[in-house]
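You will see chain A twice below: alongside chain B first, and alongside chain C after that.
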Partner chain A sequence: MFRTLMRKNLKHYLMLVPFFVFFVLFFLWPILYGLGMSLAKWNGVQPPVFVGFQNYIKVIHSSDFALGMKNMVHFVLLAIPLGIGTALGLALLVARFRGFWQSFFRAAYFLPFVIPIFLSALIWRWLLTPEYGFINVVLMKLGLQSIDWISDPKYMIYAVVLVDLWRAAGFNMVLLLAGIKSIPEDYYEAAKVDGVNPWQEAIHITIPLLEPILFVVIVNAFISTIQMFDVPWLLSRSDYNTQGGPLGGMLFPVMDIMGRAFGSIKFGEAAAYSVILLLICLVVTVLQFLVRRWHAQK
Partner chain B sequence: MRNINWKTVLSFGNILKWVLALAWLVISIFPIYWLFNVVFSPPGMAASLSPRLFPTSFSAGITKITQMADTGSFLHAYVITFYYAIVQILGILIITSMAAYEFALFKFPGKDVLFIIAISAMMVPQAVTLIPLFRMVSSFHWVNTIQGLAFPGMASALSLFIMRQYMEDIPKDLIDAASIDGASHLGTFRYVAIPLARNAMFTVGTLAFVFAWGNYLWPLLVSTSPNWYPVSVLTAGMSSAHTYNTIDQVIGAYFLASIPPVLVYIFLQRFIINSIALTGIKG
Partner chain C sequence: MNKKLFSVAAILIVLSMVLTACGSAAATTAAATESTTAAAPTTAAASTTAAATTAPASTTDASAGAPVKIVYWTFSDYTAGAPGDMMKEFINEFEAQNPNITVELVGKPDTDIESGLIAGASSGQLPDLFNLAYNAGEDVTSLGIVKDVSSMWNAMPEDYRQQFSPKAVQGLQVDDKMYGIPFTAYSAVLYRNLTVLKAAGIDPSAGIKDWNDWLSQMQKVQTAGYKAMGNYTGDGWFIMIFLGGIQGVQNDVVDGKTTITADQLAKAYDFLKSASPFCTDASPADQATSDLFTTNKLAFFPSGPWSDPTFKAVQGLDYDAVLIPGETADYAGGVHGGEFFGLTDGPNAEAAWKLATFLADKEQMIRFGAQLGRANFNDAAMSDASVQANALVAVTSKGASMGMPDAAYFKPFPLKVRQPLTDYAIQVVKGSMTSEDAAQKAIDTINDILASQ
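Here is the complex of A and B:
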């Protein structure tokens, strides 16, 4: 029975082999290997020593962990409402254009997403430079003071939010606009009969029907925040020995992982930190699904 | 001539709509425009306190770009990045199209479970596999090799997902007809499914190019020798404290680094935008 089943379907499984070989080798196995690594003390040279959960305890009790989490939460609280609000606003705006102009604005707004992240970070670091960076030149022309976005801990997180907002708004706009365009015309025609204005149309028809896509956008935003690296790393001129700039104002978890692995050569701690990130990611995703289900039942 | 209804054109709502749309247009385009503006201006504009808003010197831009190219290392990084991108794109196209063909067009035991497992990788941050993956790749002696750079990204869940979406639109009748005519399973894939999935190939390939060109974190780990620096690692390192480049040279490098993805986007943007829109609606 099993053999005839296998023989009949063998051709299907064979076609899946290349993908799953790469998947297991470069994704699944590293996760398992990382779990093992996280339980050992290891500097990459001497043989690893089993230490149980010590690495986890060390990571959680370190001040850099608290700082990374604080920056991450601070960032999420600013960037997600701002970013999704902007993207939704832009999507509703672009949806009010037709034909050429709609395609034109959609394509232009998406451009920042195609600029490599590392390059966006570098360009913005230059634009935000104190005194002669373009943004500060404009501020000074307006009679304001030049702001040290890059190394004044008061402003550093805003610089990261700014670059992210510029980059991701167009991307999320494209997702949301596709959702808006898939809403059947009937809804709007019915509304028109009732004499609804564009503002009420957005609040009562478009946004509620966009809920599933908004959900995708929010989950995406969380996952990309957890793996935030290029922007804060390059804005703060981090390297393996010091990360996050003055007072760690731009220290994010992945940067800390890189520092632990290649600066202080503690692979066990770095792996433990990675597992913690995986758990955070799982908890956040499950929570979001639960909230969504609860919302749907209401 | 068309009758223009000035009352509609000049209505408050219509003006507001255009003002907002143009304002965000300026914000989106400005950093790239500014890069272009400064490169095609006399030296010194990059740190000018009263910059001009429009490029003034075409020849200054050409001089900066040729100077950059003459240093050799930038051209070399360009070649490495294209090499890396092309190998990775080919790998992604081959393995994801094979898997997507099965997931989109056939039924077999375990199909749904396998697909969900493959797609779940999209929900896991890359950071989670980073350190163990690096240890593994270095134990293979793949640091500073094309395998080390390109192989780990090939089992791309996003590419598989997009590819499957497109392949689901292939009429099942065509596949059945081919097999009734005696085409083998692999033959049907090669001569029926692949030609019909041309758009899917373009889309996945374009996205993969943009991602490979911009990838910084992974090459930072596996390309430790300057011989293997892609554009991202070279450019990011140019303005570090240990180098002596002038700001004009650095900005010139930023400009050169931006050209390939921007050109690809200008010519192939419908593939990119459609695929992104698709992942949102079906995801």
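Here is the complex of A and C:
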């Protein structure tokens, strides 16, 4: 049986070999290596020493872990509804245009996503500067107080949400717009005959039919917000020694991982933290799939 | 089908044999190259020693030997602009004197040099020569990748060794080992906008006596409608600028605890709180703050010598650089630090040593100091009249003898200890903690971090 199968499909298997070689080398092996590393005390040079789950215990009991998790949850709760809501709103708006203007707005909203992140962070640091940044100047003109977005721990998370919203909304909008365009026109024509207004059209036709793409966007948004790194790292001017700015107002788990690995040279702890983050991503994603299935069955 | 299978298998076997053959040939070539390269240092070493006995760092008789290529990592700002041009000039001169040695100059941000060395420690991708801050020295020496150069150092002539700052040399000597040669130095200075000071009715030539005098000048500046300074609470390094103004403060570790006391830190916090009503909320790291200074709207800008080229480039900006005022009149503050040349223990170590000794030598350091305004640990170069004529170098070299170092060097001293300094400074300035409580909490947190090492 096996020999017949092999004889019949050998060339197909051979064609799959290059993919599996790269998959094992660059995906599976690093994960397994990281898992092994998380159980060892290792500085990158001397041979690793097996320490069991000590790294996990150290990471979980550290104050930075609690702070990073708190910031992450706060950020996820703010950034996902705001980000997806904005992306959906923009997609619905842009979908109403045709031809040149649709392409123009699509490109304009997508632009922040392709701007190098260090440049975006620089621009935003300038915009958010207390007293003299554009945003604070506007606030002060409106009779409000200047806000120290970058250094005041009370506001630092909102600065990250703002920059992330500006950056990611365009990307999600393009995905959602593609989904909207794939909805057959017949539904809208039938709705028009029934006297449906644009709001009812969006609620009763577009959003329900967009569900598969919305699901992909939501899953992707959860994973990327849990792994948030570059925006807060650059805004808070973090380095391997100090991360997250004053009182860790912008400290996120991946930043802490970088600090442990290259600042404290504790690769075992960094790997343990990565495994914990991987498990969080996995649990959140599986939960989303389960909820979707449960919803579909209902 | 069987025939086809057989052909495929045969082709695969032949291919793998060819690849294996190529691999071993390449390995042999590599091994041969390695052994040739390995032989070169011996020649280079011999010539270095020979040259050293007659003329320090002279490389005239080093042309003999197999070709050697040195990879040299230095800070990005030493590979761009005027410092970059000067560094390339030094390297061209070195290569002309040593035709068998070529230098690949690689500029990296300081944190990338450190992380590159850490990552390279396991992968083996290390430079032959690198520059690193003294405060990061322990991180890389603890990995065992930095060469102990004590025998090479001792082989250098006495007058070559004598030209360096004894403190900087001692800083590199740990447990009978030596981890490199001293290179550049820095000290925080206070840039003053003279136009703003004059407009506020302050005579710049009178200087600033102490913190109280500085605060009264800040008040005058504010009354005249200007801002005194940026917000210096957002970064631990900024806090150290003021902490260094307290006489007797030591940034060291004894018995696993910091030597900075809560009383000293509380004084620095009190000063920052007193200064805050006259300051803008923008951090000195924000473009807005340096723009305020260059457009005559800000009076004081404490920073390092690296800010000088920006200010110098602004036409008509009337400014000077003075020592950071201390808490009392007889003392000046600031924080200071420095960089060194380190070698990795590779086959090109002798040639890398030759380059390091050449770059750190008096002749090169005079040009570096006089033309770029950057201080260094070569005392002989620093005392040269052309270097002393540069006002910024004169101030930074004086500042380096006071204030406090930016870390405990070559000891387990994670720079993460700077984080509590800023975390609690903010709470004092915002009024949510007293300076005494905040300082005590900061010191406790620093000791916790040190204990976790």
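Everything below uses one rule, namely that the second predicted complex is superposed on the first by the 274 of 298 C-alpha atoms of A that agree within 3 Å, B and C clash if a C-alpha of one lies under 4 Å from a C-alpha of the other, contacts with A are read in each partner's own complex, and residues count from 1 in each chain.
The working rule: a contact is a pair of C-beta atoms (placed from the backbone, for glycine too) under 8 Å apart; a residue touches a chain by one contact, two chains touch by 3 or more.
This is a predicted model, so every value here is computed, not measured.
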Fit or clash between chain C and chain B when superposed on chain A: clash
First (chain B), second (chain C), both or neither touched by A:G44: both
First (chain B), second (chain C), both or neither touched by A:P253: first
Which of chain B and chain C A:Q54 touches, first, second, both or neither: neither
First, second, both or neither for A:G263, with chain B first and chain C second: second
First (chain B), second (chain C), both or neither touched by A:R237: both
Partner chain(s) touched by A:R7 [first = chain B, second = chain C, both, neither]: second
Chain B versus chain C as contact partner of A:Q288, first or second or both or neither: neither
Chain A residues touched - chain C or chain B, whichever exceeds: B
Single chain B stretch clashing with chain C - from 62-70, 116-124, 134-142 or 260-268: 134-142
Common interface residues of chain A - those touching chain B in one complex and chain C in the other: 11, 44, 126, 129, 131-132, 237, 239, 262
Residue numbers on chain A that touch chain B, as the complex places them: 5, 9, 11-13, 15-16, 18-20, 22-23, 26-27, 29-31, 33-34, 37, 44, 90, 93-94, 96-97, 101, 105-112, 114-120, 122-124, 126-127, 129, 131-132, 134, 137, 166, 169-171, 174-179, 182, 198, 213, 216-217, 219, 223, 226-227, 229-230, 234, 237, 239, 253-254, 257, 261-262, 267, 270-271, 274-275, 277-278, 281, 285
Chain A - residues contacting chain C, complex: 7, 10-11, 14, 43-46, 125-126, 129-133, 146, 148, 150-153, 237, 239-242, 245-248, 259, 262-265
Chain C - residues contacting chain A, complex: 1, 5, 8, 111, 114-115, 118-119, 121-122, 139, 142-145, 231, 233-236, 280-283, 285-288, 291-292, 414-416, 418-419, 422-423, 426
Contacting residues of chain B [partner chain A, same complex]: 13, 17, 20-21, 24-25, 27-29, 31-32, 34-35, 46-51, 91, 94-96, 98-99, 101-102, 106, 108-109, 111, 114, 118, 121, 123-136, 151-155, 160, 185-186, 189, 210, 213-214, 216-217, 221, 232, 235-236, 239-241, 247, 250-251, 254, 257-258, 261-262, 264-265, 269, 272-273, 276-281, 283
